[in-house]
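You will see two complexes here that share chain A, one where it goes with chain B and one where it goes with chain C.
And then the complex of A and B:
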């Protein structure tokens, strides 16, 4: 029995994002000689790295059919707590220089993020509150706490020595190495562990998974903790990248992370998608377009339109691909 | 345990019912966001002046959400505020809230961001376009006197829904267009007032034009991404040093003034964050006392601090007080 042939529409729906990506790269590559330079490709990867880490976390939540609207606020609070710790540790005028200090601040952010994720997960899995509502509430609480702790001030971290723009190995930013390591690690977790398989199964049908004896409460809780922790880590990486923690850090970034995940093939309805290459392509596509538009000296108004169109395409493709019942 | 909890709860309820010492005046304050030193300075100044004039401020913060701000203003009307000071998220979206206030007999004062198509009772604003124009005119004049040109300038743009951002963009652009051949803007980068977006935009601009020689920023808020991007490109150098990239900025906050002192910033157009805050509260009190303001638009003249007048005018810039 031969394989059924895909229609062009089916092909476009399945690989549409990759096709768009290739076409865009060709167009921008022809319009600016620097676009396809090694340094620009590495820059694109560096710019995308923190958000990619957030997308990994969101993938676990979305795989379960959930959503985490608090991702952006989580990033801010986690970064703010670490930045405050930095302020304390450098009060004597010293600078952050050792790798251990970097690891400490990243761990602090990761833990703060995990705590927020734990709260979200607990409310959703144990108390059966709708994910959208719980995480919407956490959005407000987390940003409010961050503003309270920082007295609503911009904390400049690069002056304290915490910066990623000068951390590279073989010309590749440290941020890219961290993102790649996490992509590989969590790809394996989702694909090859019992937890990953169970999460996919319950994302397709919670009731059936429960009847099969899968501990859906525990799995859901873990997915939100992972999402929280990874968003926390992404937050401090963003701060180290731009050099500061303003109160608006990562504001609304959930609306970059979620479409990035959807663009990468992770379904809003749960149970479908993968870390590799799903978590890479979405955000990379958005950043590539912004990068290319800047290189073409595009009109400033075009950026917002283009981003809106991409998000629309992502959601439309996901809806057209979805065959099940909308919950 | 339950009894103790009930007792504490009852006590808390009783305490909330005890009327606070009522202030003489009550004013609503609807802020956009407190994400920059400018807004923090402006906000604190209003509280200072309010304490002095015995004004109770009922405040809400929209966090950059224009719809939320309109809803919050409706709440302030419901809470009995007869005057509302508004730092608008979006100059167009706020029109309906201003109309709602007018229908309810509530006076509106626009703080720092004007609403050209609306009809507020008073506007306290710096002439952003004029200040940006004056700042760029000084730079062009100075460059001509020094015999230098900026052939690869980057213009950062704030949020395009923010009237001030648009005015600054217009002011800079107008001055550049009037004297061609001195400043050539090769890339315009929209930042949405987001440091991350500004950083990525600047990095992209530096990739396409490695010879960038001037950065025009509409706010001192964007100094950290500017520093990060220039450091990465090996161009973070002081005036007179090799690889120096000139920067002119806006706001006059502590970061921008620090950069002027440290030798990175060529000019800074400073708005009066504190003066504007004081003026808003004073006008609110006038309205509550039934006094009408003579002019509906109060212009904060601002100060353009530059390399040539730095020593002379720095003390007058509000951000200078925090400079180390």
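And then the complex of A and C:
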């Protein structure tokens, strides 16, 4: 009994992404000799790192069967608040020098993100408003708040010393180390804590979870707070990468983050997937395609088309694969 | 040690202002299997849900081993070591068997991480000691229904439950699985666990239980010890209710055959059903929960896929029934799920009433619906059906009483003047006065020459309005009774036959 019968679709969803990834790497590698160079791979990893942290957070939300559209705006507001604080604290022209200051600004950004996540989670878990609507509203509010605080101005953090492109260890950017550490940490949270296991269970069947006495309200709230906090952290990392916080920072990134998770096998319907390797592969695939297209000097408008097609396929496969009731 | 492990004293419970339990007192002993029988809606499941902490009682108390027991959440029940095996299973199909066994109390290892190894090992051993050949690593979604049930039982055993409540545990089990379940229950009894067993299948209850109580309409009718169990006695206790309300009398004529259904199959619930329905006839289908009544009519109407059999309606054969096709042929179907399938709840009354008629009144070319016609038709309908509504344009279906809601549903279909009307539980959640009016509507329709197929779990209602009652059990028709020879005991005996076939 219990012989696992996997449908071809399920098989395609599970291993198809890896196959596509390998094929794409080979194609780009053959068509451009610089694509597989060490510097390009390192650049690719560094570019992927902040988004990947957002994907970790989104995984928790999606594990519960929810969604967080506000991820991109959250990144922006968190980064903007932290960057504003930076300008005040370094108003005398001094540079940020110590590691503690770096950590402080990252923590500030993380906390702002967590607050937004807390608002989302509260509305969704306690007041039972549909996640899509709540987070769509926060999307608008967060970006609006950020623009209000910054007066629609670009805040440059580069000249204050807050930048990541010169911070590296063994030639690998600091951002990659942070992302890897968080991936491992949250993989363990999802797999080896009571919270993680029960979140996965309730994502499958909220009603049964409630009957078993699992605190589904609390678990949902925590998942949104985690998502918000990680997005906040990713926001300041993005700012440190580009050297500034423009009003368009991370705009539309939720549409990279959510499909990355779906491509990584984390279902939009909840209860499915894991952080390792789920959070890595989908994001890497999308970034590799964009990176490869850049190196082939493709028309920049093609990126969004290609990205759209990938997202469409990923979501379609996820939906076809879903056997339960549509919520 | 107290004589009774759990005592329920004068438990009362109301839903939406209607009392469904009128002061029930029961006592359960350790090492005893206690049977609870009764018709659908007798209050058995409500009682179990109160013990299991799913919802609290309105009044009355419970004593667990002599101490006050007042569960507010299912977790309280679990902490009191009371396990509840629900009719629909509480398993997570995305997790493995081992994870499911431990999900509400995950074991931790030295570094406070969830200990999968321990779960697999202990869970595997536990399953083996129960004689179950299930891999703890198997995903629940890959297991057949019967096995899933045993996983659920294993879970109850894992928490060393003192009291285990079974609510209709055998509905999805095969014969072999059922025998195994009974053996397990007997072993539990030997080890001093109190088992409460709810079932429709009297044979099973007689085989298993030491004491049996009968509930009817939310009240305890009687309790019998094992050696004084007698099927006739129990059945008459289950049905022995007097006719509470009169039924309208309508003179009507029964005409020629309108619908012939032959050997219709829709696995797994419908295993070959045939019937004939004549113009002007009201045919009832009675059966206990899970008999396959609803599934049968859904298959005939084409809502669920039909897997064999033939349907002949009004001289024409229907090859592949589909709701739209059935409607255009003049068959209307009133679902048992009024709120979900019968009405647009947040829409006003007139929108709901006109819904089925809308295609007929729309202008031929542009398909525009003239408001004046809608107004006129809905006004007539509201008047004829005496739907109590203050403003049909402002009052939403949600805000109507159950009886008025049902009248709106009936009114919607009557506008089409159907040749045949299928009604599934026409008076569920409807108050007594409105019931009478709905019965009148059904009979008037039959008088005008339409055929009515009426499904109900309320036997007396069928006896009151039907010309003929077919009784369904275990996916088949097991008996037929004609007006004049209606007898609750005969009908109930037919309805309980599914169990004999099983056992």
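In this section, the second predicted complex is superposed on the first by the 316 of 327 C-alpha atoms of A that agree within 3 Å, B and C clash if a C-alpha of one lies under 4 Å from a C-alpha of the other, contacts with A are read in each partner's own complex, and residues count from 1 in each chain.
In the analysis below, a residue touches a chain if its C-beta (ideal position, glycine included) is under 8 Å from a C-beta of that chain, and two chains touch if they have at least 3 such contacts.
Quantities reported herein were computed from a predicted structural model and do not represent experimental measurements.
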**Q.** Side-by-side fit of chain B and chain C on chain A, or clash
**A.** fit
Q) Who does A:194 touch here: chain B (first), chain C (second), both, or neither? A) second
Q) Looking at chain A, which partner touches more of its residues: chain C or chain B? A) B
Q: Look at A:120 in the shared chain and tell me whether it touches chain B only, chain C only, both, or neither; answer first, second, both or neither.
A: neither
Q. After superposition on the shared chain, which partner residues are touched by A:101: those of chain B (first), chain C (second), both, or neither?
A. neither
Q.
Which partner chains sit in contact with A:78 here, chain B, chain C, both or neither? Use first/second/both/neither.
A. neither
Q.
In the overlaid three-chain picture, which partner chain does A:204 touch, first (chain B) or second (chain C), both, or neither?
A. second
Q.
One more residue to check, A:287. First (chain B), second (chain C), both or neither?
A. first
Q: Using the superposed model, determine the angle chain B, chain A, chain C defined by their C-alpha centres, to the nearest 10 degrees.
A: 120
Q: Just the number, please: smallest Cα separation between chain B and chain C in the overlaid arrangement, in Å.
A: 26
Q. Once the two structures are fitted together, what part of chain A is touched by chain B and by chain C alike?
A. none
Q) For the complex, which residues does chain C have touching chain A? A) 54, 73-75, 78, 86, 89-95, 99, 103-104, 106, 113-114, 133-135, 138-139, 141-144, 147
Q. Considering the complex alone, what residue numbers of chain A touch chain C?
A. 1-5, 188, 191-194, 196-198, 200-201, 203-205, 208-214, 271-272, 323-324
**Q.** Complex interface listing, chain B residues touching chain A
**A.** 33-37, 40, 63-64, 157, 160, 186-190, 193-196, 198-201, 203-205, 207-208, 221, 224-225, 227-229, 231-232, 255
Q | Footprint of chain B on chain A - complex, ascending | A | 32, 34-35, 37, 39-40, 43, 47, 143, 147, 152-154, 156, 158, 163, 165-166, 238, 241-244, 246-252, 287, 290-291, 294-295, 297, 299-301, 303-304
